[in-house]
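What follows is chain A paired twice: with chain B in the first complex and chain C in the second.
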Partner chain A sequence: MAHVTEYLPLLLAGLRTTLLLAISTMVVGLILGMLLALAKLSKSPWLSRPAYAFTNFMRGIPEFLVLLLIYFGGTQVLNGMLPEGGFEVSPFGAGLAALSVIFGAYASETFRAAFQSVPKGQIEAGRAYGFSTWKTFRYIQIPQIWRVAIPGLGNLWQGSVKDTALVSIVGLDDLMRKAQQASQTTREPFTFFFVASLMFLAITLVSMWIIARLERRASRGFAGAR
Partner chain B sequence: MQILVDILSRYGWDFVSGTWLTIQLVTISAILGVLLAIPVALGRLSPNPFVSGIAAAYSLFFRGTPLLVQIFLIYFGLGQFDFVRDSILWPILREAYVCALIAFVLNTAAYSGEIVRSGILAVPRGEIEAAHACGMSAVTTYRMVILPRAFSICLPAYSNEVIILLKGTSLASTITLMELMGVSRLAASATYEPIQVFAIAGVIYYLLTLVITRIFRLLENRYNRYILHAR
Partner chain C sequence: MTTNGNGNAAVALEVNEIHKTFGTHEVLKGISLTAHDHDVVAILGSSGSGKSTFLRCINLLETPTSGEVRVKGEQIRMTIRRGEPAPADMKQVDRIRSKLAMVFQQFNLWQHMTILDNVVAGQVHVLGRDKHEATAKAEEMLKKVGVSDKVGHYPSQLSGGQQQRVAIARALAMDPEVMLFDEPTSALDPELVNEVLKVMRGLAEEGRTMLVVTHEMGFAREAANRLMFLHQGLVEDEGDPREVMKNPNSERFRQFLTGSLK
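Let's look at the complex of A and B:
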């Protein structure tokens, strides 16, 4: 137990990196997911077909594989392009790219379903009142999409927090890697991996609470909708 | 293209053996996971707060923490305790293969337990009442009515869980197992062609998910034919 207090600052620094990566992943992933959903719903097959193929493939391969592909493959591509070579993709950059692409692929399905849940008549009504496409999107579609999408997006967030642990394998100094370092020097692997797992559990529990509040807030216009 | 042919001619058999190990890990974990999921689900539904509390804590821990931490806890962590090292099970528990399987089974059983629980809750009340009215005991009702009905309700959701399990088995490569991902990592670092090697692995994983989807569609057609035909 004495070791845990000794290494606690190290672990907390790792926790910060983990949270930073998870939050950046969500921000980039939400934007990607929204764009992919719009592409899927587009009337042009040149947009919708590739979007479907891409998300289906992404959802069928391991997250770990995507991460290694971007981390090692990115280095390979960059060194091929730059003549001087010696370039390397940072673990954080590779982790952010891999996890947000995965987040985006899953989120696009959530958004697509949510878009389709908004009755067509409301969009037509918006247009009839002279709302521009953007205003219809912003004031009529988004608030309702949000309500339907929150539970699905919440699950995705929980998943990507856990997936950040994978990035420790390519060398990101996150909670997982700090726990590994502490367990190697102290020879107490169980203790430190257990403490790390409790920290992940704490993130999960806090997230559950926040998601429940967001859901309640998004549904406030719907009587008995909670 | 030439590079792909080179990689396949040099590492083709490694990919085959890696894929075979992946299939083994998925199949064994899925079967043991479901067997463990049923007591977990029954525990979660138990009126006894002690039993349901333990089942809920188990489920929360394994669903709320990364699979990688769980694998490391078991593979690296267990050796920290002298009583584990001294026990007769140590030669088995030292094996990466066994540790990976334990982690996968415990992890998937927590997720499947939730699926089974919601399946049990979705069995129509009338059917349970009918079973009681026919004079079935609680155990018989579970065995003859509730569990078979829950099984068919769970089947579609369970196929997703098996796909997640397949993707999770790629983490076994972090503890030295040479399954599909382990083989690919080795081939990628030996050939310096990570993109091509991981692309091959990606296609194999994708084909495996398609196979799993297909198997579950067949199972659904077989076991849910009474529902499908009614439509």
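Let's look at the complex of A and C:
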């Protein structure tokens, strides 16, 4: 156990990187997911078809493969385009790109279903009172879609927290990698992987509590949902 | 309110030769209507007669295939986009819509907002009133329709009759030029119909300009000063409600009144 206190600062630094990656992934993923959902719901096939194709592609291949594609493939493509060469995608950048693209692909389906769950009359009432398309979106649709979307988005968040562990393989100094390093030097793999597990579990528990609160807040006014 | 209309009052709404086609089915075959300030026009018709579609064409919830709508003399400008008629300027449409507050059959109160916020939202986001002023106005209107004890509740906690009265308060708060009622009592349990009709009669008496699509013959007879009967997309009969209901000009309206045309 003495080793744990000794390596704790290292593990906490890893935890910080893990959280930073997970939170950035969620922010970028939510924006991407919303844009993809709006594209899918668009009347124009020029928007909806590519959005569906992209989503299906991303959901159809393993997360790990997406990461490798971006990390190694990205470096190769960028160096091919830049004459000087020597360009390298950082592990964090590759992780963020891969995980947020995956988050966005799944979130777009959650958002799409949530948009479709808002009764037409709610939107019509907005339009009939002079709300523009944007104001209807902002003041009527968005507040109502959260109620439906939050449970699904919560699952995606939990998933992407765990997926950050994959990024350690391409060299990100996250919690997973730090635990691995500590267990190798001390030859106490069980101890350090167990401590890392507890830290992941702590993130999950705190997230569950926050998600439950957000869900309650978003459900105000809906029968049987308080 | 026995004579036909308020001939001396200013024209509030002018609708000219509205046609509406869904696919190959022509729902409205050229309907016109002029409403002066303080007019209460009851629009009757069996289901499928086009009466709701007509009302929804006035505020462009449905885009008319052809025809003109003028509100307080201002014509809604139309154009052709990708071969279909469309409003030329959505900003103009939004502005005009805010003057044509609509009350829906299914109330359509915003579920995520409290009763008070439902009545405040349009005033703030559309009319640009400040929050304080809008709240005061909302409270006044909710009091007028008799639901001021529910301001902090959500729509799902109210009965249908209460929700519809809130919807009427939401409409009134916009200071509309014309109020459009689309079968406001059709979704209500029979015992709740009267509380809504009572509020609507009050509005008629204080001189609100109203277009009311309804099945309530009593309301049409007593509160309206004009009646319009639609059948298969055409105006089959119109006039002073009491006269025309006693002596219909058209056979179809006679059948409708005796209940044989449902």
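Here is the rule we go by: the second predicted complex is superposed on the first by the 224 of 226 C-alpha atoms of A that agree within 3 Å, B and C clash if a C-alpha of one lies under 4 Å from a C-alpha of the other, contacts with A are read in each partner's own complex, and residues count from 1 in each chain.
Please note the rule applied: a residue touches a chain if its C-beta (ideal position, glycine included) is under 8 Å from a C-beta of that chain, and two chains touch if they have at least 3 such contacts.
If you're wondering where the values come from, they're calculated on a predicted model, not measured in any experiment.
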Contact breadth on chain A, by residue count: chain C or chain B: B
Touching partner for A:63 - first (chain B), second (chain C), both, neither: first
First, second, both or neither for A:220, with chain B first and chain C second: second
Which superposed partner A:180 touches (first chain B, second chain C, both, neither): first
Touched partner set for A:139, first chain B, second chain C, both or neither: second
First, second, both or neither for A:109, with chain B first and chain C second: neither
Chain A residues touching chain C - in the complex, by the definition given at the top: 121-122, 124-133, 135, 139-140, 143-144, 147, 218, 220-223
Interfacial residue positions of chain C with respect to chain A in the complex: 59, 61, 90-91, 94-98, 100-102, 104, 106, 108-114, 121-122, 125-127, 154-157, 170, 174
Chain B partner contacts - residues on chain A that touch it in the complex: 57, 60-65, 68-69, 72-73, 75-77, 158, 162-166, 168-169, 176, 179-180, 183, 187-191, 193-194, 196-197, 200-201, 204-205
Contacting residues of chain B [partner chain A, same complex]: 60-61, 64-70, 72-73, 76-81, 163, 166-168, 170-171, 173-174, 181, 184-185, 188, 192-195, 198-199, 201-202, 205-206, 209-210
